[in-house]
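Next come two complexes, and both contain chain A; in the first it sits with chain B, in the second with chain C.
Entry: the complex of A and B
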């Protein structure tokens, strides 16, 4: 194979463009999850949120014939799982870790079942053309950077805006302060008149909406189709990235970009090494981004834990309870 | 507040309690643990809802559903366990309680910070608004709590056990500040069970017992003895017993002056591997410590907190290794002993942080009474736990140490300070001991519990146990000790057993008034 097809000058700009595109679904989910965890809720249902969002986005776009209908539909799908997560976690106060895993399993089964019921089988029926890129006039003609940043799907632009919005919400607003207080010392927040439960509801729903949008970007923005388990573990990667990014939205997004870059590179290597014809199994390449994520998180997490993890992460709040560990 | 009633389940916490506060006075609310002081104030502050009775402020009835309602009426409360978020800055913690700001804007931090610092200056409670709360001392955190209340316009301050975690110096400063505040027109309620603080700071005192009033008195017209009697409803031994009487009780016959149980000689230890930013710093905590304790004596280590007591406690409980010097129990070298080794040598330990180091909150009282013996007879063997025996021992400890629980199956984490400490002591004394290290054994406890624990320590002494008592409470030193050392800046010196000598040494001066070190 020819490595210049992967990293060479002519290939570099499309590679970086692809890295951003591929980073967005995971990045959206990861940033949403960092916000949620800041409030003290360990939401492990991200994969389920993304997958459900991907299906509802697909259905919305497919049946309406408009890709844009897929956007609210996908966000709605993520929110649906978010509502379930919040109900179990905040209303019934069942164990957060179990809630999250159960919802992922539920979403995996439910999306496959629904899709099969509607389309007869799980093969590649009902493909549509994914959303076209918008070249931002002027900016996109800047050599290099223009093509990397400003020749992307409109969903990518929307995502970037939202990611910065989450950062702003967490670090520059009263609500963000409340989220941090609730995640560190719920009893102190409660005493200051902040509703712990309401704050966590919002945080879980933010995570649901962001993850759902991640599913939208994947299906409507990139693939133009749905298939069983289409998110392929991106939701779990998102959770790992939260630890890597020390619960800081922009650092988390940087981690997602690294994931996207690895993904883009492995796709290139697959293509350059002969694609289907290659004698190297493609699963090996597909595993690359996940392996890199594992490696990075292992190296980063020992320090990360101490420096950003919300103190009450994963612990339910009981108003007026005497004991606090 | 008149005729306030409140029940938790079938237990009546308040049974028609009355409380009247005047403008600009310091009013102490006194009572044993469980007397209903905190409940009464939580109701006033809207943290708990009352079952009956009425509350009037300046003549008009109020009905607070939440603390925010109370804050709007000019009340502020400083809880015993501070309600601060350590990761946030001082000013962020303050504005957290603000109602004026909209959710999607951060109020002007600059302006708020300036307002807070102005306020701090006005009241002489200096604070830096941009500091992270996690970097503040306990006293400073309390200052933040008080300032937060004042920031939101509190004219009445409720302080729940404000001195419980302060050093003696900080206590004096706090009480002085509170008097200043009262003089400036703020009304102050102090929930406490420290009689001396009541006498030092309060204008009036209301005593609660079992959920109703025993009476309200002018502080200037009462005595500690009278208040103590009102609190517990009987005469209290510890306050009437003079030093002279106590001295006679020391049974000389069990003393064996020749063989010390504990021997420290020239001990240096560095500790508190503290994380400041990213580097770890080892700080020397103990310098050239020498000390001997013989059977049948209680040796007190007095001193202002933070002068090395924590390190001494850690060395003697096996959490910290000595750098150099000699540390022996019954002549056996212990310089590299683990906590387990020390237990096996017969060294019992009552930790100063009873909740963190003394109890496993999520397990039953029965387990907590015996967990250092699980895996050995009579609680079982290496493979099995004899649950029946465990419960039996637990029940026996509950009875013997008057632990106020429904049964030994109750979780230890729910116990109040006094009962938690009884569990810790029950476990320590269940073994055949040669030495007992008791660190702050009565800190934060009520008079009844203190009396009980002092009684236990005296009883153990008469049986020949050697006890090292690390305490910051001078009354405790005077009541229990046979000999006294004072710890100052990591060094230990023996001083005569009188308040003046101890007080001087605590401040770093010796009897001649020279500055040592």
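Entry: the complex of A and C
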């Protein structure tokens, strides 16, 4: 195979452009999840939120004939799983690790079921042209940087705005303060008049909407099709990136860019390696995004102090039932 | 209550896709218990579910959330399968125990990675074990595409394992099930003893209920985590190699229909009781085959049964909550 197809000068700018594109779906989900975890809820249903969002976005765009209909449809799909997650975690107060995993299993089965029922056993039916890139006039003609940053799908620009909005919401508003208080000292926050349950409801729904939008970007912005388990573990990668980014939205997004770059490189290696008879072990490169994610989680977890981790993460709150130290 | 809830939801889904739910359920029961042949199929399907499920019970009891059984299963199948294909042991009574041991050890190693990362660097086991599933799948895909590829085969699979490694059928007239079922049945009381009666099981349960108190009582948390994950992985790996030697007879990418994930449902439905695993595996094994039946007779996608499984777990969580209140 020709390695200059992967790392050569001419390939570099498209590579970085692809890295950003591939980083966005996971990044959206990861930033949403960091917000959710800040409120003390360990939401493991991200993969299910993304996958459901991907399917509803596909259906919305496919049946309406307009890609933009896919956007609210996909966000709605993510919110649907979010509502279930919130009901079980906050209202029924079941073990959140288990109901998170169960919701992923449910979403995987239910999306496959719906898709097969509507489109039959075929995996490649109903392709449509994904959303065209918007070249920002002026900026996109800057050599190098312009093509990388300002020749992207409009969904990418929207995503970047939302990611900064989440950062702003968490760090510069009263509500963000409430989220952090509820995640660290729920009993104290409750005593101060903040509703723990309501704050956590909103946080889970934010995660649902962001993950659903991640599914939208994947399907409407990139692939133009749906297939079973199209998200391929990106939701789990997103949870890993939250740890890597120490619950700080912008650091989490930086982790997503690293993941996107790895993904872009491995896709190129696969394309350049030449198919099933190739001697290049391209499967090992396919495993690379997951291996890199594991590596960064190990790296982040190994630092002695886990600063940023909400102290009440994963613990249910029973009003009036516990006094915390 | 959970059974009724899940079956009713499944029934509603059947109505939605235009099938008659009563007919569908009758077909499912007839197709899974209607003849000795069908019963044999259910029993064969149960083997991996019981063995992996028991391993997950051990882990979940200690509240170590191993969701990497799928990867441990595939890695056990791969390394055990490679041993059978490459090591010329002629004597069956030596070959089979040796290859089972190799498969179990490979699974244990894959589980050990998760435990080591948690103990050494405090890496959340849910994320690491899930991500390692993907790594195992890609390693497996490379192995059957290149080094272990059957040169005469069209699809990337290995050659058939040599005869002396093949697990024969149990010597019962009407039933055609490989002896893996005997291993599974023997493991149930063994794991039951380990979990409920042995000092190790007591310590593990204590560790699960309250890690701090268990440590104060002299339980070594690191050692506990390592042992439990290795044991859990070993059982998944054993299930993998048994599946190769008893059912598949060669290594192929689609040898698992997600047994590692279905086994999570098995362990949860069994309410983490080893003997319950047997019943839960029978139920889910029958449900899976019932899915094949309704796909044939009612044109309903078989993945419906996985929807029912996931809903079942959610209903079970609700039921348990009612009980504890």
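Convention: the second predicted complex is superposed on the first by the 310 of 325 C-alpha atoms of A that agree within 3 Å, B and C clash if a C-alpha of one lies under 4 Å from a C-alpha of the other, contacts with A are read in each partner's own complex, and residues count from 1 in each chain.
Here, contacts are C-beta pairs under 8 Å (C-beta built on N, C-alpha and C of every residue); 3 or more make two chains touch, one makes a residue touch a chain.
As the structure is a prediction and not an experimental result, all values here were calculated from the model.
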Fit or clash between chain C and chain B when superposed on chain A: fit
Chain B versus chain C as contact partner of A:181, first or second or both or neither: first
Chain touching more of chain A, residue-wise (chain B, chain C): C
First (chain B), second (chain C), both or neither touched by A:161: neither
Following superposition on chain A: angle at chain A, chain B versus chain C, Cα, nearest 10°: 80
Chain B versus chain C as contact partner of A:10, first or second or both or neither: neither
Which superposed partner A:286 touches (first chain B, second chain C, both, neither): second
Partner chain in contact with A:173 - chain B first, chain C second, else both or neither: first
Partner chain in contact with A:189 - chain B first, chain C second, else both or neither: first
Smallest separation of CA atoms, chain C relative to chain B, angstrom: 5
Contact residues of chain A, present in both the chain B and the chain C interface: none
Chain A partner contacts - residues on chain C that touch it in the complex: 13, 17, 65, 67, 117, 120-124, 126-128, 130-135, 138-139, 141-142, 145-146, 156, 261, 264-265, 268, 300-301, 303-304, 306-307, 309-311, 313-314, 317-318, 320-321
Of chain B, residues touching chain A in the complex: 47-48, 66-68, 71, 79, 81-88, 92-93, 95-99, 101-107, 361, 413-414
Chain B-facing residues of chain A, complex: 169, 172-178, 180-181, 184-185, 187-189, 191-194, 311, 320, 322-325
Residue ranges of chain A touching chain C (in the complex, touch as defined): 44, 88, 92-95, 97-99, 101-103, 105-106, 108-110, 112-113, 116-117, 232-233, 236-237, 239-240, 243, 276, 279, 281, 283-284, 286-287, 290-291, 293-294, 297-298, 301-302, 306
